[in-house]
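The two complexes that follow have chain A in common; it is paired with chain B in the first and with chain C in the second.
Showing the complex of A and B:
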């Protein structure tokens, strides 16, 4: 079996705090194939951004990867040297950050950002300038904005620019960490359509992180649900929409307002657990209507429950 | 770009207005003080001066009973061409000559000390922040803070005593060797360098810590920004991230401080001057006040005010150049 584009296995990340480490993710495993859009959805603090940053190894202090493996086309990312890492980043995997305003250096122009990125990978001079123009064309921003500073662009334009920078070296994989969260819904739609069109044209794979499951239902190939640092269900989008099995996934779907029915959206009772003092057993059991006795004591592993369908839930094992 | 030029010209206009206010205050304040220089001069000659000579003195100093308005007008006209009259304390040398001499050595000593301290402190702060918790970051700040906490005159005297007198590494006084005639000869320049080194080093030693800590602290804040993480994620070389992203953005407050420090250089380093017998401007200031040397006082105050204003404008220009967000 050929190696997938990205294989994350049992990824553990801890935040070192003064009173002991806090486990931000534990035993997160998934694969990502060429050209697919995998959406990771979860509440704030569920560890979805941490997974992406850990996979690219850009986690800052005090976060540390304490275990697991991240393989890119079979190459172990966690064992790359700093120099190898610099080469690998952006040429093979790039990222779009949540806030383009904060991601860009306020005292540098759009062109400076593009040129710096290209120069770091050996592209300089006229070729780099030409590429910078092409990238703006790609995301449909007028070329004269190469001379603009980040604060001179609107939020949507900045996000497009950052998307263009992510494609500077046409990498096969792009991590997107809530790229549209800071935008209004109209601009969000425009950016998402642009993204999907570019993805179809260039064929890169996307790890898309969001808290908006309805966005994923529309654009993702597969959907993964994270809860309290764990991946609790992974399924292809169609399967997920019609047959999500994990009680938390069902809760997420039930919370989406619908125009085609009179049913009111139902929110999940309770609030996400603290990572510092997580509940024993399944972390979702205090909020779960179907919880069994075993849920309070033993943590359910992520197991295959159907074709390409994985879930971590005792209730499903019993049934 | 047109907006930027207009903004800087606007600032320049404001500083010119401020310069006029300084010029006018400079005219008014000494005239509100009791006594006058001719009386001082008269007293200095202990009654050996005839009333005619007294009148001649008053004439020379431009002390007239004319209205303040006409005096003010004359003052402004002369000030514009750099004529501040004749010094009382250094009679009969013109004020401009006395000023230029002091100004030159002030720039050589205090100016170079400020530039070196700023450059070295900012660089050290950059490296300390980049390798936070490393040896540079652990050792240097407390040492420099300790140096900076010593009374300056004590530190300077200690340096002069130990390094100059005790070990004979540095000359003990003056800006250049008495045996040399000032000029551009290599011997003279070398002598100036040798004489300036120790006083400049003491000035640098006490101010280095401030520059370093300010830069370090600002840069640590900048290093926490998303755009640093983004720069690393794009595979940029660490040196590029450190200089073009972190230090570049953190240096702004230090540039403002640098401009202010440059402005105050002309205030002179009085203690340095006294301890090392170095002919900078600080002593002139005291001398002129003691001798009620109005023309010299006015010249000094004016150069200091103008230097501070010029430094402010320099900071404005530097800020606009370094931070596009300040451009209109």
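Showing the complex of A and C:
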């Protein structure tokens, strides 16, 4: 069987705090195939961003990867040297962050940003300048903005530029961490349409991280739900929309006010647990209406519950 | 004057502008222009729009944190801009309270929950030093922080985001206000608990007859919570309608664009948007409708004259030449 584009297995990340390590993610496993869009959804502190940063090896102190494996086309990312990482990043995998304003250097023009990226991978001179123009065309920003500084662009335009830079070396995989969260709905929709069109045209795979499950439902191939550092359910989008099984996934879908439904949304009781003192057993059990005795003591593993459908829940195992 | 017909709060053509630009190139940013609507007891009015639309400025104008440059603001029929021209009286500030977006920034980290709630109680004479604590406990219970004894001596950092926002709501309730201005009260909270906080606001307006101005960029939340929705663009009111009607039959092309941009189950990112991309002009706006540059349904008047606000039906008002022409 050929190796998938990305295989994350039992990924553990801990934050080394003064009063002991805090486990930010625990035994996170998933795969991503070429050309696929996997959406990772979760609330703050669920570990969704940590997974992406760990997989790209850009975690900052005090976070450390304490276990597991990340393989890109079969190659172990966690054992790459710094030099290998520098070549691997951007040529094979790039990243778009939430705040384009922070991702860009305020004293560099758009052109400087693109040239800098290309130069790191040996593309310089006229070829680099030509590519810079092509990239702006790609994300539909007028070429005269090559001379613009980040502050001269609107939030939506900056995010397009960052998307263009991410695609500079046409990598097969792009990580996107809440790329549209800071934007207004109309601008968000325009960027997402552009992204989906580019993805269809160029065929790169996307790991898309967001707290907005409604957005994912409109474009992701598969959806993974994270809760308190664990992946609790993974399913193809349509299956997830119509038949999410994990009580947290169901609660999340029901908690979001919908413009196209008069049904009153219902919050999940309680609030997400702190990572410092997580509840024993299933971390969702204090908020779960279906919890069994076993949920309080034993952590449910992520198991297959249907074709391409995975969930970590004792209730589903029993059923 | 007929008391029943006088709205609790009425804004009439309220405008404000901010000075921006350099010392030698001063320009006026027209943050709100000629905004008019009413807010009544027991009613929730949603104000929606994108960043820069002026929706937060409206809350700041009503709370009188920023001065107006024109118009009238009537509380129980009395124009407070005339009776209290320089700054709002203590009595006005008691009646109009605000809840902010960020419950991490709006509470003082060095003070306990008790301090945050007892202070307005004492300041507005709603409690004495002797009974302030018991009054604060009661308020905490009212906002769902139960048992209140467990919360009253906590510091903000030991509370979750949702709990903090409840403390901010209890603080706003302490002076027994008539109006609560809620500026994006849930946008910093976790998705799974947002509805609880909105439901609390809904309960409070029923139980206490509060009037709530709910400012949000989340149209779906506005649809579920608000009775009426006001749509703002570039500092101007584009449309006002009962919430359901606005969502189902938006009359203004900008409202139509906003609705089309909200994710729907079964919707797709391939669905086209009914307007062109762009950002609203705020500084030195051109004559005509501010949305004209993006609108695909423009008529000649759109680029020359500002469309007047006209009545389309009961409670439904719109500022759009397409409708001006039709109703004439």
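What we mean here is this: the second predicted complex is superposed on the first by the 316 of 319 C-alpha atoms of A that agree within 3 Å, B and C clash if a C-alpha of one lies under 4 Å from a C-alpha of the other, contacts with A are read in each partner's own complex, and residues count from 1 in each chain.
One rule holds for everything that comes next: a contact is a pair of C-beta atoms (placed from the backbone, for glycine too) under 8 Å apart; a residue touches a chain by one contact, two chains touch by 3 or more.
Keep in mind the model is a prediction, meaning the values are calculated, not measured.
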item: Superposed partners chain B and chain C on chain A - clash or fit; value: fit
item: Touching partner for A:86 - first (chain B), second (chain C), both, neither; value: first
item: Apex chain A: angle to the C-alpha centres of chain B and chain C, given in degrees as a multiple of 10; value: 80
item: Partner chain in contact with A:10 - chain B first, chain C second, else both or neither; value: neither
item: Touching partner for A:151 - first (chain B), second (chain C), both, neither; value: first
item: Chain A residues touched - chain C or chain B, whichever exceeds; value: C
item: Contacts of A:120 with chain B and chain C, given as first, second, both or neither; value: first
item: Which superposed partner A:104 touches (first chain B, second chain C, both, neither); value: first
item: Which superposed partner A:94 touches (first chain B, second chain C, both, neither); value: first
item: First, second, both or neither for A:58, with chain B first and chain C second; value: first
item: Minimum distance between Cα atoms of chain B and chain C in the superposition (Å); value: 8
item: Contact residues common to both interfaces of chain A (with chain B and with chain C); value: none
item: In the complex with chain B, residue positions of chain A that touch it; value: 56, 58, 60, 82, 85-91, 94-95, 97, 99, 102-109, 116-117, 120-121, 149, 151, 165
item: List of chain A residues in touch with chain C within their complex; value: 43-44, 154, 156, 184-190, 192-193, 196, 211-215, 217-219, 241, 251-252, 255-261, 264-268, 271-272
item: Chain B to chain A touching residues, read off their complex; value: 224-227, 229-238, 240, 244-245, 248-249, 322-325
item: Touching residues on chain C, where the partner in the complex is chain A; value: 50-51, 160-163, 190-196, 199, 217-221, 223-224, 247, 257-265, 267-270, 273, 275, 277, 279
